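Next up, some structures in structure tokens.
Shared between the two complexes below is chain A, which pairs with chain B and chain C, respectively.
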Partner chain A sequence: MKNNILVIGGGAAGLEAAANLERLGYNIILIERDKQLGGHLAKWDRLFPDGLPAQEVLDSLLDNISNVKCFTETDIQAINILDKSFNAILSNGITVLADAVLMASGFDIFPAAKKEEYGYGIYENVITNQDLEQMFKQQQSISPIPRAIGFVHCVGSRDEKAGNPACSKVCCATAVKQACEVKELYPDADVYCFYMDLRMFGRRYEDLYLKAQKSGVRFIRGRVSEVAQTADNRLLVKAEDTLSSKPVRVNLDMLVLMAGMRPSEAGHKVGIQLNLTTEDDGFFSAKDGMLSLQKSKLPGLFYAGACTGAKTLPDTLHEARSAAMEIDRYIKENFIKK
Partner chain B sequence: MITLLISDTFKAVTPEEIIDRYPNSYNHFVLPFVIGIVFIITYLLIGLIRILYHLTPQDRKKLLKSLVTPKTAWKNIKDIVLDCLLHTKIWKRKPLLGYMHSSIAFGWFLLIVLGHIELALFAPRHLSSLSEGSLYYPIFYRFFIWINPAHETLRGALFFFLMDFVLLYILSGIALAMFKRVRSIALGMRHTTKPSLADRVALYSLWAIFPLRLLAEGFTADLSGGSFLTTPVNMLFKTFFGNGLNFMPTWWLYSICLGLFFVAMPFSRYMHILTEPLLILFRNAGLKVRKPRKGFAEAEIYACSSCGLCIDACPMNVQKKNLKYSSVYFIRFLRRHNTRKITEIANKCLMCGKCAAICPVGVDSPAIRRAHRETLNNKTDYDYSYLTNYSPQFATHEQNTPTTSKILYFAGCMSHLTPRIIKSVETILRAAKLDFEFMDKDKGICCGRPLMLAGKTEAALKTIEANRRIIKESGCHTLLVSCPICLKVFKEEYKLSGIRILHYTQLINELIKDSKLHLSKSDSTMVYHDPCELGRGCGIYQEPRTVLNCIGVLKKAKKERDESVCCGYSLGSLTLDEKERTKLAESCVDSLLEEKPESIITACPMCYRAIRSKASVAVKDFAEAVCEHIADK
Partner chain C sequence: MIYEGKKKIWADYQKEIPEDHYFYVRSCIRQSFFPASEATFIDITKRQLGKDIFETEHHTTCGGIAYHSDTIPHETVMTIIARQFALMKKYGYENYVCSCITSFGLYCETLETWREFPELQEKIADNLWKTCQLEFAKPKYLVHASDLIFKYRMQIAAKSKYKLINKQTGLPLKVVEHIGCHYSKMFPSKGVGGAEYPYVLVGMIEAWGGQIIDYPERRHCCGFGFRQYLIKGNRSYSVSNTHKKFESMEPFKPDMIITNCPGCPYFLDRWQYVIAETQGKTYGQDGHGIPVFTYEEVAGLVMGYNPWDLGLQTHQVSVEPLLDKIGIEYDPSAKYLGKNGKVIGEPKKPNCLK
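== the complex of A and B ==
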């Protein structure tokens, strides 16, 4: 008989882990809160650093899970531990008995309206990184043709007052990628990036940064202090340029906020039921931070992806694969008699 | 009044009624008391001279003027009677605690006054000069005299009764005080202070004074007369001891306790009894704390009764470890000149003013903290000279109207960080068809309050001067502000005579009254959070509530008005970290959600941001909430 494994979350981590576990011969039940699988990946247009379409990546992930039982628009209503296995009652009425559980609940995007000084939800032309990806995806153009566009890095990340001192890792590269894309669409527009410091740590990320500079994106090191509306409905952005030690004021037609990563609220609710511990940043704490990144303190419960902190997509996929291996080892040691 | 009546009824004083038992009017046992009283009087005189010396000449003039102005003089008398003797402030908060304080203070005061009247009526000779014992005779009157039983009068008996009655009144207070030491919560205090050594000496001698007086006067009641308390004591002990040998030691002990109390007083919390009247005079004269340890501040420091009511009141007490930042400890360290601790507490404080609002003595410790910060931080690090020539372009809301608008709107930096508020204020002003100019739409100068709070007075005065010039030149008649932090400094430091300074809650209230703004009422429930700077800072509690009652159902918070809990994000604290602030914000929200309202309304951009990030219900700014209910007549 095949052992049941419950995967919580149908984003990149959940899908990749499910595919690998299926290949290893387990019976996978994957649950996803949204209507469609793919998580944030499904909402994105293109990926840094090479501009690979997100849909392509998602499609290949979905191709590998043909035998996985997927329940979309499904939540966990209750989950508890019975002897060695987990008993989960799903919102669609189905009860799942699983020998191992993989938490792949990912992240939520920081609610940018909380940083009210940036005017999200107050001024129409202030949007988030996710909104811009949607616009790209739907090939929606900005009208009238913008003369100037700004990107604010670190919105709700590296910001103690917003409750998140940690770096969200992906926003710098995303902002530079989006700045390039905007510049390509509107070559005459001035594009500004307001950054604290650029964390272009990955392979070819630096090339992306050089490309942006060459295409004329202006990088201003300093935080935006406030955003106001001008009489002609444009935006007046006040910021500090810490390289020239002077305040800057620019008029923009659109401001894009690089909202950071917060722990998933839905994942957090499941965590409470299982008494999973979190670190100060709200993300789940792994058994240890070096050798057992995929394990939790609870035997049989594993983590993959951004539920243990901000991660890039390749990192998430690596974690999903190693989680699959950890789960395989755990099942073999505990459930399969030699 | 009573004494007049009595002296009229019984005019003739028969010399035979009272006979001096000691012809030289002296006995050694009075010595401890005399030493004590001479010590305390000398100490007080020197202290008073020191404090007056450290006042600035203008302040001294102000004080003198207030003493001779009938209005302030009357207020002085009223405040001293109500606060120092009757303790009405404590009565209002905790009746039992109020009874305890007033019974001891007012009772003792009555004993002293009645003692003097009695002496003046029956043996006036002894009040006339020091050699006749005028210093101690009123206190130990019952020891020195012998009542001629053949000539006992009703008048004498009335005094015996009054004295015994007052003594009983005091003893009931002392009993409560002893009980409070053991169980403070019974009298409504969760936390109380730990007494120092001098406090203990003074406290125990104070406790002992009145029971000893009862015993001492009781033992002599057969000689010098007594009433319902002292006579039974006399009879009871007579039957036990059979002789009068217990008589002298008791009077000695009584005198020693009095002496001890007076000597310990300056080093203990009981100094507040004598300093509070001075503080009242200073306060009513309108003086301000200028130095953290001298002059007015010294009066404040010694007026602190160390009661510890501020420990329970301090919003920081949500974390036990922060109990040590309460005002009572701050003042204790000031008395002890412990600079390191003083600085630590002064910098940590939120300056929310709750301790000052509930202080029974009215010690304004945030003012002392600010003065202390000034000694640390008051140097101007930057060149502010560019401010002198700065003049902004006002943004007039209707471009086509000539610039005759008389309302000048100053949003301030915090409102600029919460654009929702500015948008709402503008909408309301437009709905009321008011013409206004926006003083800092594009660029603005800081109101100066954050600098003031940080003790950077010099820098603050520079920004204040620049703004003052702009406001004066604008020719406005009303200055409208949406941030209580700005409001406070505009009112206190700007000296804008002829210009009304209004918070938007006040203006909206007026607009509704004058039927210039019409609002629709809904049945949604809301609670109003009193921002520190608006409520305790500027005394605005009612206007926002009146307006909110026009748009919905107002619920009560657990603590509100002058007891409102700070949101935790006050600019006042220089060292409080984010985690501690979060805890404060959570406790503030808890208090607000007491009656489970559907939304929280506040009227300060700082509170709005703080509460919004922690509350589980909708949080709205006051103007935003009003905006949602604007009706077209």
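== the complex of A and C ==
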């Protein structure tokens, strides 16, 4: 009889881990609280650094889970630890008995309205990175044709006041990617990126940055202090340019806030039921941060993806594969007779 | 503008304001700049609304202007404040309402300092006893007088004779609200509506029929900024700030400005004269300025007080066009008559500002 593995979360990490576990011969039950699988990936248009369509990546992931039992629009109602197994009661009334659980609950986007000074939720033309991806995905143009657009990095990241001192890792590259896309769509528009540091750490990320500079994106090192609406419904954005030590004021037609990552609230609720520990940043803490990143301190419970901190998509997929191998080893050591 | 978005923020920043029984402390400079405003506050709250508002001649300055000018140490200011609070207790009150925004900010700062550093609180209590033989106390509730008028705004609306509506067009007056910097910028949770989109004056204007207009420099300092004005050589900074605000609000064509700080109405009012005389620029209609009011003056106007009893003749920018717009009755010949009916003196007319 195949061992049951419960995967909590149907984003990139959950899908990739489920596919790998399925190949290893396990019976996978995957639950996802949204209507569709894919998590944030399903809401994204293109991926940095090369502009690969997110849907292509998602389709590939979905192609590999043909035998995985997926429950969408489903939450964990209760989860208990039995002798060596887990008993989960799902919101659809189904009870799952699993020999291992993979937490792939991912992250939530920082609620940008909490940074009140940026005016998200107050001014129609202040949007988030996710909103812009939706616009790209739906091929929705900005009307009227924008003369100037700004991007604010680190919204809710590296911000102690917002309760998140950690870097969200993906926002810089996303902002530069989106700035390039906007510049391609509206070549006459002035495009500004307001940043603290540019963390273009990945392979070809620096190339993306150079491409943005060559296409005329203006990078201003400094924080935006205030956003207000002008009489003609544009935005007056005040910022500091720390390189020239001067305040900056620009009129923009749209401001895009690079909302960072914060721990998934839904994942946190499950974690409370299992007494899972978190670090100061609110993300789950691994058994150890170097050699056992996919293990939790609870035997049989594993982690993959952004539930243990901000990660890029390639890092998330690597972790998912790694978690599948850890789970396979755990099952073989604990459930399969030698 | 998404009004619902603002309402969400306002919901996050609601403070508890008791209905009644307050120890009231006046402002140092408001009594010179807008002397009738505090008298109007007392009259509205005590006589019109029947509230228990107590004041004593024994209270002093809070020391705020000296503190923000770096002329007295923080511990001295804290001891002065401890004395004010001790008087409140001595007279049997636990709710403290102050007229001044500088004082309000400083009281918030002092209470937070005592909370963070209990040993300092102990030292101040000791200073207070040694110097004044008064028992140390802290208010249960600290509010600014504009918080209280905000609290009573619907009661005031119920007694109103006029609304903030243009009687010719029937449209709400377009009102700029200017919040004193020390009201909630330092401690957003201490102000009604927070720091970014304070609701305290918006709530009054909405309740009294007007329409608030948002403009880019709404959060910018009025120009007082303490050392910008107190140091003579810095006064160009002061007028520059005011100029920036008026340039920013001009496209929205506001009918009036309402403020809740002692310095703001003074500087927004007087610097319009300086800008007009030096630049030839006026911001109201037909060469007039934009009239600037304290919240007590606006409350008094909607309740039908005589504009000259509200002290509106002490304003630099003439208020008559606005009074006419609302339809408020007034006697132009009584503008410069004192309470005893004698002429108090008429100022010389400016060249540019009507």
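Worth pointing out:
Here is the rule we go by: the second predicted complex is superposed on the first by the 338 of 338 C-alpha atoms of A that agree within 3 Å, B and C clash if a C-alpha of one lies under 4 Å from a C-alpha of the other, contacts with A are read in each partner's own complex, and residues count from 1 in each chain.
Everything that follows uses one rule, which is that a residue touches a chain if its C-beta (ideal position, glycine included) is under 8 Å from a C-beta of that chain, and two chains touch if they have at least 3 such contacts.
Computed from a prediction, not measured in an experiment: that's the story for all the values here.
Taken together in the superposed arrangement on chain A, chain B and chain C clash. Once the two complexes are overlaid on the shared chain, A:236 sits against chain B and chain C alike.
Contact with neither chain B nor chain C is seen for A:334 once the two complexes are overlaid on the shared chain. Legend: residue contacts after superposition of the two complexes on their common chain; A:116 is shown touching both chain B and chain C.
Looking at the shared chain after the overlay, A:228 reaches both chain B and chain C.
In the superposition on chain A, contact of A:160 is made with chain B only, not with chain C. In the overlay built on chain A, none of the stretches 199-207, 505-513 or 577-585 of chain B clash with chain C except 505-513. For the contact definition in use here, the residues of chain A common to its chain B contact set and its chain C contact set are 116-117, 122-123, 226, 228-229, 231, 236.
Touching chain B in their complex are the following residues of chain A: 114, 116-117, 119, 122-123, 160-161, 163, 225-229, 231, 236.
Residues of chain A touching chain C in their complex: 113, 116-117, 120-124, 226, 228-231, 236. Within the complex formed with chain A, the residues of chain C that make contact are 1-2, 5-6, 8-9, 194-197, 214-219, 251-252.
The touching residues of chain B, when paired with chain A in their complex, are 395, 416-420, 422-423, 441-442, 578, 582, 609, 612-613.
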